[in-house]
Structures are given as C-alpha cells and as structure tokens.
Amino acid sequence: MLKVEHLDVRYGDLQVLWNVSIEVNEGEIVALIGSNGAGKSTLIRAITRLVEPAGGRISFRGIPIHDKPPHTIVSLGISMVPEGRRIFPKMTVLQNLEIGAYLKKARKKKDESLSMVFDIFPVLEERSNQQAGLMSGGEQQMLAVGRALMAGNRMLLLDEMSLGLSPLVVKNIFRVIRQINQAGISIFLVEQNVPMTLRIADRAYVMESGRIISHGRSSELMGSDHVRSAYLGI
Amino acid sequence: MGQTLVYGLFNGALYGIIALGIALVFGIMRYLNLAQGSFIILGSYASFFLFKAGLDPFVSIPLVAAGLFLAGIAVFKVSFSRLLVYPDPGKIKNSLLISFGLMLLIDSLATMAWTGDERSITPAYSGLTIGFAGLRFPLISLASAACAVVLIFSLHFFLSRTYFGKSIVAVSQDFEAASLMGINVNRTFLVSFGISVMLASIPAVFIGFKSFSPTVGIQWFNKGIVVVMLSGLGNIYGVFPAGLFLGIIEAISVYVFGAPYREVTGLVVFVIIMVLFPKGLFKGQEL
Amino acid sequence: MGKRGLAGFGLVIAFIALVPTVVTFEYVLNLLIMLFIYVIVAESWNLLGGFTGQVSLGHSAFFGIGALITRLLWVNHMPIPLALLAGGASAVGLAAIIGMPCLRMRSAYFPIGTLALAMIAQITIGNLFPLPGSLSSEYLVTYNTVTRYYLALLVAVLTVGTVYRIVRSRTGLALVAIRDDEAAAEAMGVKTMRYKVLSLMVSSLLVGFGGGIFAYHQVSFYYYAPFELSWAFLPTLTSFIGGLGTILGPVVGAICFLGLSELFALSLGEVHIVVFAVTFILVVLFLPGGLMSINTKIRMMAFTLKQRAVGIGR
C-alpha cells in the first residue's frame, strides 16, 4: 500500500536519510524504531512531504506521492498525527475534530466520523467545548488521533506518540491503535517506546543514523540480540 | 465637545476597518503590509473615476473590492509568497521591507498617473446630516459606521461558519498541522492576502468622500497600525473597540490642543504603547 | 582593505577635491554637493541598518533636526563649524530621547516605531515652522559654493571613514553579531542594548551633520523640508540596493539614485522612484547583498567554474 524506495533526505548539505526503503501492506501495523536523532521523524515527515526528498520514490497504492504537496497526499488517503500533537490550541475540541473533516469526502461523513471518534475516546465527547490548548498531554494526544481519524483515510501515520505521556496513558493509546487497526486502518508508527511498540506491531524496521539496519516480524526482532541490547536494555 | 466626540467616534470606526485589513494579514501569516494604505488610496482613485463616470460610490464598493482582491492576489504571488519560508521575525522584517518598496512603487505610479492633486468624491448627498440630541450626524459617516458593523459580523460569520473560513483560522494557528488536514496552505495564504487587500475597498470609498492624494496612504496605514497595536497584534475582534478608542482620544486632543496636532496624537499613543506594551493591550487572542 | 585600497581611496578623494578647480559650472558643483549629502545620510544610516540590523525608517527626524538647529544658529551669526556641531549634537539628543525607546521595542517593529516618530517630527515641525526662511543680503553676498563643496566633501569623507573604522573594530564585530542573531549574541555575552545604542548615537550624529550641510547649502530654506519622509526612505533604498553590510554600498546606491533622478528630472518626476522601488523589492527578494554582492557572486561563479574545469567539486 505504502512504498518507500531508496529515499534520501538532506537538510541543506547535511544528509540525514540514506537509501531508506520500507513497505506497509494493507491492514498491517508497521513500526519504525531507533534511538533519538536516528532520522525516524524525518522519514515519516517525508512521506507526507512536510520534508522534501532529495532522491528516491514514495508511492501510495501505486501513485507517486513524493512530488505532491501535503494536502494532496492527505486527500489521497494518508493521515498523520504529527510529533508534539499539534492540535489547534485556540479552537475547542469539537472545532479541532471538525476541521479534521476538512476534505470534501470527509465532510459528508462528518457526523458518522464524529460519533466513531467519541466512541473510541469518550473523554473527547465530555470535553467537546473545552479549548484544546488547555487540555493535558494525554487528552491532546487523543484529540490529535481523533482529528486524524476524521478524514476517513485508510492509512494512519503516527509520529512519536508516546513522547511526554505517562505509561498509563500510553497503554491506553496503544490499545486504541490496535482497535483502529482491527477496524481496517493500516498503521505506520514511529516510536521510541520499543517494548510496547513491538507488542502491537506486525513488523518493524530498525533505523540507526539515517539507515535501516534491520527489519522483520516483531517477534523476530524481540529475539534479536542487537535489538535486545540496544533498545530493550537486556 | 459633544460634536467633536461624534466625529471622533466616526473616525474611529474608519480606523477600525483599516486596521482589520492589517490585522488579518498579520494574524494569518505574520506579515506586516505597510502598503495597505496605498491600496486604500488606489481604491479611492478607482471609486473617484467610477463616480466621474456616473457610478454612485456606494454602488462602486463591490467593483473596487473585486479589483483590489485581484490586485492583492497578483502582488502576493509575485512577491510575498517567497517569504513564507522564513521564520517569524524574518517574515515580519522582510514583509515590512517589501511592502515598503511596494508602497513607494504604488504611490509614485499614482503620482505619475494622476498628479499630486487632492481629490474628493462629492455626490449630491455628501453634506447631509441627521440631527439628534442637539448633535449633527453626517449621513455618510453613519453609513460608514454601518458598513463597519456589517463587515465585522460578516467576517466573523465567514471565519466561524464556513469551511474555508475555518481553514483560515486553522492555518493561522498552525499551518503545518493545517496542511495535514488536507488544507492547501499556500492557496489559503494567497486568498487571505487577497481578502485583506479587498477589505481596503470600504475605507477607500469613505476616505474618497473626505479627500485624498497619492501619498497620503502611509498616514492611513499609521492609523491602522496604531489600532492594531492597541488591540493586540493578531486579534481581529479587538480592532473595532480599539479604533473607537483612538477616535475618542484624537477628539479629546483636538479639543485640548487644536486640530493641527490631531495626527500627532495617534502616533504618540502608538509609540507609548509599543514601548510599554510590546504585545498589545488585550491578551493577543488570535483569530 | 589594505594599503592599496586606502591609497586608491585617497586618490579618488584627491580627484574629487580637484574638481572645483577645473569646473566652474555651478550646476555641477551643486549636484556633487547633493551627492555628498546623500552619501552622508546613506552611509550613516547603514551603520545602524546594514551593520547592526536595525532598519530605521525615521532617519529624516535626525536629518531634519540637524538641519534645523544648524540653520537657526548659523543665520544668527554662529560660525558654521560650531553650528554644525550643534546640529549634530541635537540629532544625538533627539536620538537619545526618541530613538532609544524604539530600540527597546521588539526588533522587528523598530522600523514602524521610527517611521511613526519621523511622522510626528514632520507634522510638528510643519506646524511650528510653516514659512520658509531665506538668507539676508550679507549672507547672500558671501555665499560661496566652493566652500560648501569642500565642507560637504569633508563631512562625507569623515562619515565614510568613521563607519569604516567602527566596522573594522571589535565594536563592528559586535554589531554584526547582533545583526545576524541578536539572541545568540546576547547569549555569548555581548551587551546588545549598549551596542545598539552606540550605533544609533553615531548614526544620528553623522546624519545630523548631513542635515547641517544641507541647511548650510540651501539659500531659501523650508524648515520642514528635511523632515520629509523621503529623507528617511532615501538611505533605506540606497543602502539596500547598493549593498547593506558594505562600506561602499551606500555610496554606490547614492550615486545611482542621483544619476537616475537627474536622468529623469525633466520627464515625469517620479520615474526614478519607481525604478528604485522595483529594484529595492528585487534586492530584498533575490539579492540580499545588493549591487556590491554582484561582484562577489561573479568572482565565486568564476571560481567554481575554474574548479569544475580542473575536475574538483561535484
């Protein structure tokens, strides 16, 4: 469904991603793990073209997307929950969710989508008239995910969701991710919290210094010595 | 004194509308458009010549608005769009510089085309006033205040009830996140800039009723920027009360110091505000 | 710049100084005096704008007050050197009162703050001194264009020299650091406010002298004329177009401006402004180094071409 082939990304003269290739098939949960600064966020931002590729190809359902602006990529079927939540701080929860349904195709299904999001995150319904910027980190994260779901896309990208959240909240969100995936949405997530990630992901890629150094099914990776020592502290 | 206050309030309404155009652009994309005054004057000339051709100035407002919208879009595409990549302080500084050049350009082209003479739109009804409580209320000023009120409400409706309006609000708060909602951010900036220049069409007509010449644009910009600073950069709803406030202060100073120093009042207030409250008087409540 | 550059500069000055011995046509001398004034205004502006990063749109206030004070003192029999000094001092005084508050504003709003102040000054002076002054017969009889030529040239050289010395000193380094990244400079221990104030003071002093020369040069004198905003826009335009962070940039810009305005003087009066405004916008968008950087860019292009030919580089 989503294919990244031989991607290079440069910030000015500094190259940060080297020959990165990953694949996400329909219905999967695929993860990208690696330490801080490895380039994970850069990759996910390159997929939605918030960052420009210097070389390589990205395609979604066969359509090349590496040369399209972010809003087009969203309308083609990929939604992203960016790092740091990035909810609209001066809008209410409800307004945030509504703007999530900006796409023409999403507007028609707005009420459906809204009730789905409220089912998954009842807290959002309780606080629907609260100003988003005043909510806690965990609530904002839920809002960000809910907002991304409003677009009705079948592919969801998640950038460092667990950052800055308490373990309980993180557990809850991961449970929700699995729930969303079971409803048919393919997931690609970038994460630092390796144990939890490997528990829900089908497959994972490991990135170090801008390169993919290994990949495989989560169970394999959990057993790999390198992953265990570098990321699981074992 | 009462009459002076009445005039002050009406002036204040005008200042508020001018400020709206400036505040909108700043709130959405952190640009300061020094040339807003020049666009207003362009609109005044357009209205003036349409009047000479037989069109009532109030009727000409939509035409002038359309023309200014197109002008705004064209100018944005050619120049301001390139500044979008800068961080905020760079955007403010560079947009100031570019609009400075733009102002000089428009003003000198206008002087070349239409000479430096002062013009004025004088329809048959320009002197009419309504008397109330011993004070006189010029009809045209009442109309301008009415326009201002209609404008604020329409803008509020547009921004809070239409999807395009909501997308503008989203872009002003976080344009990257907005793009992830499927919003075409570049087009939003383009159209918003066009709208802000289009807003100049209303003050254009009402300034046309008073008098104007090619180089007075900057003075009107100054009124606008004072009001914007008074209400807090980026806050478009505080603009109207702040405008009225300026109008009242000016009226008081005319009463105390005499007419020649009216222009100075606003500027002095401005400098004081900028020095003491760099972020404006009200909490900068953005769009 | 080195000994060669200095010698070259000296040669040019000597050449300019000899002009009145050859040319007696008053029109040319007056033209050159205006050029010197433009250079003074632009160069002094550039110290604050180009080297310290504070774009002032209100230098006309300092120019104007220098002109005003110098004129008032001089027509009341004070010798011109003293009157000039007083003019410069008044400009510094004005800068201390009104310019400093502007520096306290957030740096991006400095231009509008100074513009507002220039407008206040223009309107106030226009109200206080609406009528022109002219020279009494004794002054008219002793009016000597050549004297003024040399005085203007002297002040212009002084201005360029002062800016040069400051820029080349440690102070200059601090100024440029502030221009490039004020927050970083502050973090490195540079007392940014102190340097910004210094830059403003020197800049206003020099432009005050320029105003004084202007007042000395005019026969009939409108007191509000040097306060007109065009005297604030001029240095901005010329310095940007000539090359913001360079010593010669403002000079180049001033020459271009004067040349263009003379070229178009007899036709539609505003054309040179149009040309300059468009060039200015293009410079801001595409050529931040101004005309002076074209030289550097050409040399860099030649250098890379040479490297490629030899096989180095991508």
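In order of appearance the chains are A, B and C, and numbering begins at 1 in each one.
In the analysis below, a residue touches a chain if its C-beta (ideal position, glycine included) is under 8 Å from a C-beta of that chain, and two chains touch if they have at least 3 such contacts.
On a predicted model such as this, the values are computed, not experimentally measured, just so you know.
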Pairwise touch network: line, ring, star, complete, or other: line
Selected pair, greater C-beta contact count between B-C and A-B: B-C
By mean Cα position, the chain sitting nearest the middle: B
Between chain A and chain C, centroid-to-centroid distance (C-alpha), Å: 55
Chain A and chain B, separation of their C-alpha mean positions in angstrom: 42
Averaged-CA centre spacing for the pair chain C and chain B, given as whole angstrom: 32
Residues of chain C defined as touching chain B within the complex: 55, 57, 98, 101-102, 104-109, 111-113, 115-117, 119-120, 123-124, 127, 229, 233, 236-237, 240, 268-271, 273-274, 276-278, 280-281, 284-285
Interface residues, chain B side, partner chain C - complex: 32, 34, 79, 82, 89, 92-94, 96-98, 100-102, 104-105, 108-109, 111-112, 218-219, 222, 225-226, 260-261, 263-264, 267-268, 270-271, 274-275, 278
Chain A residues within the chain B interface of the complex: 48, 50, 69-71, 74-75, 79-80, 82, 86-91, 95, 98-100, 102-103, 106-107, 147-148, 151
Contact footprint of chain A on chain B as seen in their complex: 163, 166-167, 169-170, 173-174, 176-186, 285-287
